[in-house]
Every structure is written in C-alpha cells, then in structure tokens.
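To start, I am sharing the structure in question, which I have written as structure tokens.
Order of writing sets the chain letters: A, B, C and D. Residues in each chain are counted from 1.
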Amino acid sequence: TLDVPALHMTRPLVPGVYVPTMCFFEEVSEEVDTAAIARHAVRLARAGVTGLATQGSNGEAVHLTHAERQLVTLTTRKALNDAGYAHMPIIVGCGSQSTRETIQYCCEAWDAGGDYALVLPPSYYSSLFAPSNETVMEFFKTVASASPIPIIIYNFPGAVGGLDLSSDVIVQLSAHPNIVGVKLTCGNTGKLNRVAAATRKLSKTRDPNHPEFLVLAGSADFSIQSLVAGGHGILAGLANIAPKACIKTIELYKQGKYVEAQNMQEIVSEGDWTAIQGGVVGVKAGLQGWMGYGGYCRSPLPKPTGEQAKKWKEGFRNLVMLEKSL
Amino acid sequence: TLDVPALHMTRPLVPGVYVPTMCFFEEVSEEVDTAAIARHAVRLARAGVTGLATQGSNGEAVHLTHAERQLVTLTTRKALNDAGYAHMPIIVGCGSQSTRETIQYCCEAWDAGGDYALVLPPSYYSSLFAPSNETVMEFFKTVASASPIPIIIYNFPGAVGGLDLSSDVIVQLSAHPNIVGVKLTCGNTGKLNRVAAATRKLSKTRDPNHPEFLVLAGSADFSIQSLVAGGHGILAGLANIAPKACIKTIELYKQGKYVEAQNMQEIVSEGDWTAIQGGVVGVKAGLQGWMGYGGYCRSPLPKPTGEQAKKWKEGFRNLVMLEKSL
Amino acid sequence: TLDVPALHMTRPLVPGVYVPTMCFFEEVSEEVDTAAIARHAVRLARAGVTGLATQGSNGEAVHLTHAERQLVTLTTRKALNDAGYAHMPIIVGCGSQSTRETIQYCCEAWDAGGDYALVLPPSYYSSLFAPSNETVMEFFKTVASASPIPIIIYNFPGAVGGLDLSSDVIVQLSAHPNIVGVKLTCGNTGKLNRVAAATRKLSKTRDPNHPEFLVLAGSADFSIQSLVAGGHGILAGLANIAPKACIKTIELYKQGKYVEAQNMQEIVSEGDWTAIQGGVVGVKAGLQGWMGYGGYCRSPLPKPTGEQAKKWKEGFRNLVMLEKSL
Amino acid sequence: TLDVPALHMTRPLVPGVYVPTMCFFEEVSEEVDTAAIARHAVRLARAGVTGLATQGSNGEAVHLTHAERQLVTLTTRKALNDAGYAHMPIIVGCGSQSTRETIQYCCEAWDAGGDYALVLPPSYYSSLFAPSNETVMEFFKTVASASPIPIIIYNFPGAVGGLDLSSDVIVQLSAHPNIVGVKLTCGNTGKLNRVAAATRKLSKTRDPNHPEFLVLAGSADFSIQSLVAGGHGILAGLANIAPKACIKTIELYKQGKYVEAQNMQEIVSEGDWTAIQGGVVGVKAGLQGWMGYGGYCRSPLPKPTGEQAKKWKEGFRNLVMLEKSL
C-alpha cells in the first residue's frame, strides 16, 4: 500500500500519449498477474508516455470485479511511484449501467490512486431514455458532480450498442467543472474538430499545453489526423505494443516535421490494423510474440491457435522494428 | 435468513407462466425496497404463476451489485416460503461478460435460494470470438459444468449487441446435462419450433408435463403462438401486470378452448405493446397507476412525466380490466 | 400477349398459401429464362397454392429492369391462364425509393397482369424522415391512392436497413380503401396478433374466408403460429420447394387436426432453416438438386460450390420426402 | 446534345475538391429541373472546384430513372462545356444491386458524357455473399473490366446496410487497371491512411499531383485530416453550399499555411454538422435560404416546415458568411 500523499498528488491532464494498459492474468488460474501489470506499466513509463489508463476495453474491465479493478489500479500506481513516475496520471475506466455504480467506481478509482475517470454512457436500457440526449447528459452531470475525480467522456459506439454522442452533447457537457475531456473512439475526426474548436473557444485560458478540455483520439491510426483537427493526443491500445512510435509520431508533428510524422504515421496505422482486427486477443499475442510476456485473456475470450498467434505477431513486425530503432 | 432445507428444495422446472419480477427501489435513496419485492412476489404467487425470475431485464439486474442481487433473491425466496409457496422455483439472471463471474453469479444465486440460472451469452468482445459459435458454446458448457444449479439459455439479441443464437447452437447445448431450457426473447417462433421439436426428439422421456428441455417464450404477446409451436410456456414481463390473464390464456389453450384462448391472447398482446414500448419504465408506471405500488427505476432511467405515466397506465387499461375479472 | 379480359379478371385476395416465386436465368448469359418461369408457375399452381408473387426477394426483384419485371409477371400470368388458372391472383413486388417510381411499378404491374402490389417502405434516406412514421404513412397513402391495383404492405426490416413498421402504423394504414393486407417477414407474431385483431374489429364484414385486410406470415416456419394468432396464411419462399407441405400444414390446422398440423409444421420449419440460411442461392440449389431445374442467381450472387450445393440439397431432404408423399 | 468529341475528352482525375451535386426538381410535378441543374453546375465550376459528381446520395440517384440520370449528367456536361469548363471531369454514381445493371449504368454514364463511375458495393443479398470479401471483389473487378470508364470505389456503410470495405479489400482492388480511386464516406481516416500509403507504394509513378489511385474523403469535415493522412481531396456534399471555403481550406493546407487552414476547417466542420444532420433535405433548405434556389427533394422525402427550414439555414450562416468573403 501507499501513503495517502503518494496516492493523491495533483497530476495534470496534459496533451500527449496515454496508454489503455492491458490487464494480465496467470495462465491456468486466470488470476490477476500483478507482477506483469507492474512491469508493463514501468516499461510504458520508461518509454515516455504521458499517462496510463486502467480498465479500458484493453484492460478487460468487464472481466474484473470491483476488488480486482482496485488491485490493478493500485498495482499500477505503486509500480509507477516506485520507478520514479509518481507524477504520471492514471485514468481509470469507470463506466457502468447505473448512475450509482458509476459513482462507486469513481470513488474506488480515487481510493486506488486513480486521477481521472473514463466514463462510457450507459446503454442497456437506452431505448427507454427519454429524450435520449437529456438522459445521457443528466447521467454524466450527476456522476461528475458526485465523483471525487474529474470525468473524461468516453465515446465508443461499438461498446454501447451504437449509442454515439454528438458534438453538441459533448460540448454541452464540457461546461461542467468536473468534466475535463473526451476520448473519441468513434474515429470521427469531423466531430473531434467541432469539439476541439468549441471547447477551446469556451475556455478561459487558451494555453495549448494545458487545455481546459482535453480531446483525445481513441486509436493510434488517426494520431496526426486528430492533431491537425485540434486534438491533443491519443489514448490508444496500440501504445501497449509500440509506445515510442506513437510518441515520436506526435512529437515529429508538433515539431513541424510533417513529412517525417506522416511517414511514421503510416507505419503506426499499418500496425494498428492488426490491433483493430485482433483486439485484446491480438495485442496480447503481439506482446507475447515480441516482448515475451502478455499471456491470454480471461475466458470466454479464446486463446489464439499457433497459426493465429503467428499471424498477429507478423502483423506488428514493421511497427516493432520501428519501435526498437527508437 | 432461511434454513438450508427451506432454501434448497427440489423445485422442478415445469411448463407454465414464469414472471421476471420487477425490482423495486425507495424513491429518493434508490435503495432496494425489500418490502415491495416481497409483497409483489406473493401477489404473483397467489395469482397462480409457476415460478419467478429475479434479475432479468425487468429486474434491473444491470443496476444491482452482487450483494443486492442476493438480497433480492433471498427476499423473494423467503417471501414465497413464508406465504406457503416453498415449492415454487426461482430462476435467477446470471449472465455476465466473463466465464468466471457468470459462474460466481450462479453460485451466489444458489446461495440465495435460486433454483435455476438464466444466462445471456457474453457480447462485449463478441467480434473476437473465433469461431463465434464455438466460443459461445464453450462458454455455456463451462458455466453449466461449474454451476451448482441448472442453466437456462437466454436468447435476447437486443440485449447483447445483436448476438442471436441459432436453433443449431441451442439444440447442441441442450445435450449438456446441466442445461435444461431456453428463453427466446427474439420472438422467432420458427426457431422456437425447431428447438422444441429437436429437443423433444432427443429426450429419453417424453412426458409433456415434464419436458427434459423447457422452451419458454420471452414475451406474452406470443404465448399461444409458442404453445402451438411446441413451447412450454412463457417467461414474460407483462405477467408483472396481469399474471392471471397470462395464465388463463395458456390454460384455455391447453384445455382446447381455442377461440377463448385467442380472444384472451388478443387482449394480452394489446397490453404487451405498452410493456414493449415502455419497458421497465412503463411497466412500473402501470403497476403504480393500477396497483398503487411500483415506483421508479434506478438512475439513469428517467422518471416518466405525468403525461407519460398516464399514457402507460392507459395502455394497460383493457388488460387490467380483464385481470380484475379473473 | 394476352387479351385484356384475360389479364384483368377480378381475383380476390383470400386466405391461403402464396408463393414468392423464384426468377430463373439462363446460365451464361444470365438472361431471363421465361420457359423455366412458366413451368415453375404451373407446377406451383397444380400443387394447389392460392396465389403467386413475382418480384419479391426470392424473385430477385433488385436484379431486374422494369421491362424484365413486366416480362416475368406477364409470363407468369400467361402460363397460369394457359394451364387453366386464370383466376389465380398474382402479387407483384413494387417497392422503390421514390414515391413516383413505386407508383410506376404498380402501374406496370397492372399492365402486366398483376393483381396486387407488395410494397416495402423506402429506406435509403430514412434518417431524414420527419417524423419517421408520418413520412412512411404518407408514402403508403400516396402510393395506394395512385395505384391501379390494391396495396399489400411489406414489413421486412432486414431488407430496409432495420426500418420496422409497428402494429400502430399498419393498423392506421389499413383504413385506406386501397391498402388490403400486410406481409410480416419480421417474424413478430405478437405484432401479427395485434394487427389481425385490430383490423378484424375495424372490418364491416367479418367473413373469415374473405377478410377485408389480409395478414400473411412471411416465412413458412411460423405458419400455424400465425394462424393461431389470427393470421390468414403465408407468403413464403419455402413454398417454391414444397408447396404441398405448406398447404397441407395449414389445411390440417384449419380442419382442427392440431397434432398432425404440428407434426408437419416441424418438418416445414426444419426445411425452412435451410431456406433462411441459404436464401435465394440455397433455394435454387435445392430446386436444382431435387427437381432438376433452378440454375443460378444473377451476379454478383455467388454460384454455390459443389459442396455447398450438396449441403443445401441435404437440408431440404426431409421436407422433399414429405412433399413427394403428398 | 453535344458532339462526341465534346462529350469524351480526356479529363484526368487529379487531387482537389469534387462536388456531389444536388439534383433539382420542379415543385409540383417533381420533374427534373434542368435549368437549375445547369446553373448550379456552372456556379460550382466558377467557384473553382476540380470536378462534379452526379448521382451520389446528394444527387438523389435512388429517386431517378435511367433516362433521368442520363439527362442530369448530360445537362451537367453541356452546361460545363458551354461555360468554358469542357475539361472538368464528371464522376457519375453507378452503383446497383446486380453486376449487369451496374455495368449498364457505367455505359450510360459514358454515353451521357461522364468520365468516371462511382460504385457502391451491392448489399441487398450481402448475407449470401460467400465468402463476403470474395464476392465483393469479384463484383468490382467484373464491373471494372466491362466499364467504358474508370471506376472509383464508394465506401459508405450507412448506405449499404453496414457493409464496410476494409483497407485490405480496397488496396487489392486498386491493382485493377480500371479502378482508379476511392471515396471514403465512412470517416475512418486510419483506413484512409493505410489505403493512401499502400496505393502510393504500389504506384509506378509517384507524382503527388497525379496519383495513380485517388483517395478522397467523403465529407468536408475531415478535409485536412485526410490530407495529412495522405488523401488527395474531398468529394463532399457541403461543397454544394460553400465550394470556395472547401477549396480554400485545402489550398491553405497545401501552401503550408496550417493555422489558417485549421481555422477555416473549423468553420467548415461546423457548417458540415448541419449538412450531416439535415442531409439532402437540409442542404436544399440551405441553398434555398441563402442562394434563392434549391427547392425540395422528391417524395417521400419531406418538405421542411418553415421552422425546420429556418433552422437549417441558420446552421449554415457562419459558413455562408465565410463563403461570401472569399
């Protein structure tokens, strides 16, 4: 365990590369593998990422109990602190179907050393929301008002039965003092552009290094596309495989080295195609194949066959070669 | 609490009307209202239903913690036993994303006095199932082998991102000794017909009053349609409003009084249209309007406006008039 | 060509089995094969079906030009008349995206000897319908008012991007004097029950042999399920393979021979599973395998491999054995 | 009519802004309004667009007969030629359900003076494609081999029941000598990046002003996002309202004036939100409100109420102010 001060420092949410970390399990028992989680967190921190996110889709949040979620976040926090990254923020996935459980997750995230809560809209009963946008906004505002940590809206229609938050809804929610950003996994960079522009114009301060409302792309294959649209970075599963390549792509762009950034983005996007197709199963196969750790997902997610594992590994080859050169 | 013997009697799964009971909450605190839950269970038992199901969609399972689920099931069990319905079975919704949590729910259901587990397939990562049917079948077989209580497959594509189990998959799963039935909420009575025929032919015994594999319709608006197709009854939310009408429709049919059954089915189907449109929100409004209890769903589900509540109430008028006459 | 009198007799729309006929093509040229179309129509008529429907999904309407559609309908009409079935009605698929082309199809259907028009709602721009139900109802009413032949509403969400007409919409449309029936391919027998009940109650006459508004099931695997719900018959692709079995199932039910009807329904539902999975490709493979004609669909629909063709053929075996015994 | 030489010049497909032109109709008769079509085409040409596209979604292709489609394309060709834009290419929407009708549309497009065919994959029977990608690729290759004009692949899942072509499929199809580009309306700029990178690497020549395979964004709200990802321009409905703003945004970016490009992109994206929500109905209301022409769509598309029309007009205000200043 950690001292309270070490748990709860002020860790600002700044532009950069955030990694939704994988959750690792022991092979037969499927128990949480805290050693692997700690090692992975430190590897990513050393690569220079801006922050980590536990309990996203890549972290198999839906496969974890409340207690396990806290264990994972606390393990990550402690590993970072022990390795000298006490200032690195942790975002914690906290979405749930009920308002009250979502708030509970936010509180538990805070207790475990989390700094920000990434919140999906509820969707199980979305056909009963009336009117739909009002219910969704009421949900986010109630959660944000009750949460001990700030909220990042998570727009990922594929995970919530197609429910897709519009730029209008996100911009309205950005007015809440405890809603501080959005992750757009929809891939809609037109929406991202509208959200980035509107929230920037509504800001009191206009420091591009410390935006009041952080707009993150949800996949690495549209990193520079989101930057040119006014986005501030990425929160992307591919960075589990190749954090340095993700970071370098963004740095090159920000330094005005557009051709180099574009060249690197192409390699990143090619690698991301494997991550998109393989999901957590494929990314773990890639980690196992190239870095020697990763293992398998919890059941019922299938273990890849030898042939599948080889295919996922090969899909990351060019990207891993780049990563190793950085 | 109950004695273990009172908790765990043998309660066979026989044809009839099963009710996925609503879960009730106190208005401001949104705490579980055990008094209302107990009263409602007894009202349904006295109306003559065959069994109850806690933690279905109507029971707001996704809004409940593990502990609350056990509280609801145990409250229901105790209320039934206290009122003289110790032999009435309780089905408990146990679906979850991970195999291990699904098994945990099954164990907890058993601990709380549940007799059968109603299990949805996992869907969050369904695009990674490979091949899809294999992963789903492996999931059900693993759960069934580990569960202390028998499994009823729950096919409800609308709740799991469109994942729709085919008759082939269901028939194959029926071979597992601990998988004893299916609830088809898809409304596909052709599939129901194939499942009922194939599982009947695979049975060792052919007693229509004690089928080895129970096939239930998931909505009251296709009660007699499922009976004529070889189904054994319903597990339908509308029976929260009008249990006697649901029972009588099926009884009339089984007695060969087809015209009377059809006439009653028409009133049931008309009432069900309101339940389908209003979902848990509308059914609670109906209970509140006609029976004086029901209250509201947990947030984020909206409380109906006065006008909406009136509309839901009116939608059930004909059905409630019928119910009161029975 | 036919005399006008022979084209345009009064052919009432009565309960029974209607067949959405396949359209046949020559193998290399993919030209319309009028000889096969004529032979198939007469085979079905001799089997005792109530009517035929050209240019449904089974008739590959979307693969045919206006002129070809008229050729197919006229060929069917002429074949029926020549074989002594001048009184048998033909329903013609007339759905299109614009109101004006839908009306044009209705007029062309009439010109070619069609008696009724089966009309899908438009869907390409359905997100712009405002409000959705109003636009859809206005469409149907405008078409019905302009059409020289009566309209049958076609509810098939799978063919129109998920647009699903509610019982409320269908019942309201039934009030139009030139809208005379509905085909429900959605498989929702609760909706079918509501539509059948409401339209029967709104009828001036109540002759069950001549309902004012005909309610047809869109698949053979819910034939008796729809009858018990108040439906009047089927318009189902499987009848291309096994018209007698489809007819006999319904006759047995109407004669009160419920057990025999149920037994036959089970064989029909089993066979229909192959038709549902294989669609027009599988049904043609079944015709070719068992009856020696059928051929292939127009490109881009694939020709089945030898193995696939064998699988489709086998899927119909039990049903074809039954058919041959009748 | 035009001389054959004037119809069929060589008009290269180069990077830039292409406009899927609206189709205009007379108000009561809903007949094609050739005068408005001609005037609109010339307005866009004078604004400096690179090319026009008839019979896209904005051109209400699904509401037009074969003859009307030719009339619209020929009217557009003639208007451009008469106004001195004989060298401006016209892309013609040619997608259809059958291979043969798609080829027919390509031939008719050529006859009417069209230079390129924009082709959606067929989707009505897509569940029968086996395997799916093979059938789709076979379709495109057969069409491309038979078409007198080159093919541009149109990826717009929303118009074809969710069928979404992957980067792998598009890159493979790019190898066909008569498939020369793709329009990505899916908004997936990661896919766009992969397609642009792979097709550039497969090119024999690498002249960025004359790419062998043209990659176009399907909406204006991701113009510079697609450029930074290697795309070559847009084919976007918003350019019907504000062609100069769309062009200037891209020019500024290509000139390296990134801040100015980003500022203008924000106004374009804001305006596009109205075009996305309002579709053809809203864009016509915008044209009518700001430019005094546009009228209404063909039935069943609704005519906006006065209030709706005002809302659509207002949504374009900032964009139109920008447009008028250019």
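By definition in this document, contacts are C-beta pairs under 8 Å (C-beta built on N, C-alpha and C of every residue); 3 or more make two chains touch, one makes a residue touch a chain.
What you see is a predicted model; the values in this text were computed from it and never measured.
Peer 1: Between chain B and chain C, which partner chains are common?
Peer 2: none
Peer 1: Roughly how many whole angstrom separate the Cα centroids of chain A and chain C?
Peer 2: 50
Peer 1: CA centre of chain A versus CA centre of chain B: separation in Å?
Peer 2: Roughly 37 Å separates the two chain centres.
Peer 1: What parts of chain B, by residue number, touch at least two of the other chains?
Peer 2: none
Peer 1: Spell out all pairs of chains that touch, sorted by label.
Peer 2: All touching pairs, sorted by chain label, are A-B, A-D, B-C, C-D.
Peer 1: Contact residues on chain C for chain D in the complex?
Peer 2: It is residues 30, 57, 62-63, 65, 97-101, 122, 124-125, 127-130, 134-136, 138-139, 142, 159, 161, 278-281, 297-302, 304, 308 of chain C that touch chain D.
Peer 1: Once bound in the complex, which stretches of chain C touch chain B?
Peer 2: Contact set of chain C toward chain B: 167-168, 187-191, 193-194, 197, 219, 221-222, 224-230, 258, 262, 265-266, 269-270, 272-273, 276.
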